[in-house]
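Presented below are the structures under discussion, each in the form of structure tokens.
Paired with chain B in one complex and with chain C in the other, chain A is shared by the two complexes that follow.
Right after this comes the complex of A and B.
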């Protein structure tokens, strides 16, 4: 439990003071890179992997963009630390599967991070609050330029940056936004909207990315391909798609408020307030369900016992590893659910 | 809507200051009587029925036990008034089915009432708070003696008082208690307990008597027969049975508080508080479910946002006719559910 100081930090990418932050929680851009003359992680031996970590740590230490960074080897951390990094969206769940010779560099305020020896040698990401893909890309581009001067990235003039999986070949860029779409879910319009997205080369996933479930009406949208356009075009395309969705969600919200469903919506919303402020046991899944309603209530300007920053904080710290970190020990599922209920009640009263 | 003044009255039989009132809400004793030389209501013509009302009204007016009484003909009341009387347990639902030539006399504080031309010409009842069958019987016995001097009750030296249904023949007495048994329900022990009750010639019913559902873990227990014992023996027997059940319920409550289920129980209880204090729509059934948990919480001495008198008041006034009376108009089911939610929130805040 080395990383418990992280608990005191508000994740900057969850700031409520950002473009479209009532609907778009965060924007993320990542680049996949590999080092020349090293086998991809899936094929590499332990010694090679360890050397890759060393080279990337070394190449990163001198950069001027990251600010004061933390250099972590996953094998030096315990399970809870690793889960905390996943819950803060700094590393993927996949990286924790085999911690030996995997690394992560976390930049100041957690806005940028590097994953080392996941599917590719290097995955660098930039996270920003709200609908801010351009800003995230701009920061990441500068980091990529600087690291590219110190590390020899595997690159082919015809294909672009080489990656372990062909879906990342080319720019190696994946841009994504985390969207809160409760009104589209409530009215059942979401499925039709999602169908149209697949035609626009956009992929929809759950809260923790690939293969994860949808929780709290939160959807992660990302570009489906990395090839055939410039980075800027990918960023612009996804921004346009997200903006369209934001408009659709706003329309549904207005309809809900004006229509016969309003009372039912109010009822669900205030029941969620009542349950979160009174429960004694609660799973993360159920908490997310109620937080979703409250987030919508806040966005609609209805009287809620908290604002968006406070809600974002509850959302982040209600996750299982955060709960155990706050309790300062590993807890069984039921104890976690109890501690979570107590913690959320305290956060609402605060 | 003549009876809206009743809304301002607390029903005396729901006082929280009574023996075993944490578990036994109320005790009721009723006597079935018929007038000599008049056909039973099921066989009587309208003119006969009207005459019976006249005779009973007349015979009752002069009594000294009732105090200031209200003499009501059901045909003079509207549906809402009649339903209000049912919800206050002053008349049976059956009496409202055909209001012509049916009557009711309501005594002071609603502790005694007479139903006229239900199954029998006269059903007189005495209602007391808590486990107070003897007190209820004592009051009723005096009323019966006094009315018996003015009205000629049909009586046979061998069979006792004659009644329309043979199950009431003899004493015409039915004693019942309304019990709150949430712990026995929670632990699943109730079914075994109820089986043993049937062997003790005791019948179990729902909140509104014969043929009604169990709501809010409330059970009505009454003697199965009226024949073969004295009135005092029936009262004593039922009191003993209820006392046994009270002990069993208390044991289950203690076990729940000491055992591994306590946290789950606390969670359900406080969620009920959260929902009742925040909901915007609620059915009577759901309200009863939550009130049951809160009643248990109060009995266990846990921190609840109300005491037993306030809870009893909510329980009484959340019923559909009470809600519409308070709203001063007839409401559709959904409007009722909305008004009920608003009213309960106000009562909790008060």
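Right after this comes the complex of A and C.
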């Protein structure tokens, strides 16, 4: 449990004071890069993987963006530490599957981070609160410039940056936004909207990315392709799509408030407040369900027992690894649910 | 009316283009033939895995210039193309050169575009030079003079281009 200090830190990307933060929780941009001299991680020998970590750590330490960064090897961390990093969206679940010779670099306020030896040698990520894809890209572009000077990236003039999977070929750029869309879910219009998104080369996923479930009406939207346009065009396209969705969600929210469904919605919302304020046992899934209603209530300006910053904090710290880290020990599922209920009640009273 | 280049019965509605090193491959498919091979514009591009997309592409009459799918292997890392077909993951950056004609239609299919338009990148030549000098020292120490001679040429070249 080395990383329990992280619990005291607020992830900057969960700030409630950002563009469209009532609907868009966060914006993330990542770049996939590989070092020219080594086989991709899936094919490389352990010795090479270890060298890759060394080269990237060395190249990064000199970078001012990572002046106060944490340089971690996954094998030095325990399961709980690793899960904590997944829950804070700093590494993927895939990276934890085989911890030997995998690395992570976490920058100040968790805004910039690197994942080493996942599918590619290097995944750089920039996370910002709200709808701020351009800002996230700008920060990442500077990092890419600097690291590109120190490390030799695999590149082909026709195909761009070379990646283990051809789906990431070209810019190696994946931009994504985490959106809260409860009104579109409530009215059942979401499916139609999602169908139209696939024609716009945008992918929709659950909270933790690829292959994960949708929890708390949170959806992750990202670009489906990354070769054939400039990085700026991919960023602009996704921003446009997200903006369209924000408008649709707002319209749907207004309709709900004005229409005959309002009483039903109010009832659900205040039931959720009641449950979170008084529960004694609660799973993460159930907590997410109720937090979704409360988040909607806050956005609509209804009287709620907490503001957006507090809600974002509960959302982060109610996750299973965060709960165990706060309890300072590993807990069975039932104990976890009990501890979570207690913690959330405390957070609401505070 | 343009007929589907696969079934030659229905009208073609999906136009698919892939660029190989020296030839453009064009396919005109009807909705049904395209759908069967996962080349529908309506379907989500990422909903198919690489092995699925590859299965869809094979049998469309794309003949990659002289490369035999079964026996093709990367000279640098040894990955066989058949392994890539199963996992969807390449072994090293040289695989892209080794399998270029086989990969071109796949890349076009995934991204809908065959060429990179994003940031350009040039290997850092001074760093490259450092690495080469290190290798030369090693080769000389190991009395591998053939490698050493090749490295000396590369260093000379890198020095000139700086």
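As a working rule, the second predicted complex is superposed on the first by the 349 of 350 C-alpha atoms of A that agree within 3 Å, B and C clash if a C-alpha of one lies under 4 Å from a C-alpha of the other, contacts with A are read in each partner's own complex, and residues count from 1 in each chain.
Please note the rule applied: contacts are C-beta pairs under 8 Å (C-beta built on N, C-alpha and C of every residue); 3 or more make two chains touch, one makes a residue touch a chain.
Remember, predicted model here, so these are calculated numbers, not experimental data.
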(request) Have a look and say if chain B or chain C is in touch with more residues of chain A. (result) C
(request) With the two complexes superposed on chain A, say which partner A:341 touches: chain B (first), chain C (second), both, or neither. (result) first
(message) A:173 in the overlay: touching chain B, chain C, both, or neither? Say first, second, both or neither.
(response) second
(request) Go through the superposed model and pick first if A:43 touches only chain B, second if only chain C, both, or neither. (result) second
(request) Go through the superposed model and pick first if A:227 touches only chain B, second if only chain C, both, or neither. (result) second
(request) Once the structures are superposed on A, label A:203 by its partner contacts, choosing first (chain B), second (chain C), both or neither. (result) second
(message) Quick one: is A:119 in contact with chain B, with chain C, with both, or with neither? Answer first, second, both or neither.
(response) second
(request) For A:155, decide between first (touching chain B), second (touching chain C), both and neither. (result) second
(request) Would you check which partner chain A:264 touches, where first means chain B only, second means chain C only, and both and neither mean what they say? (result) first
(message) Quick check: in the complex, which residue numbers of chain A touch chain C?
(response) 34, 36-40, 42-43, 119, 144, 148-150, 152-162, 164-167, 169-171, 173, 198-199, 201, 203, 224-231, 233
(message) Can you tell me which positions in chain B touch chain A when the two form their complex?
(response) 263-264, 266-267, 270-271, 273-281, 338, 341
(request) Please name which positions on chain C make contact with chain A in the complex. (result) 41-47, 50, 76-77, 79, 87-93, 96-97, 103, 106-107, 110-121, 123-124, 127-128, 131
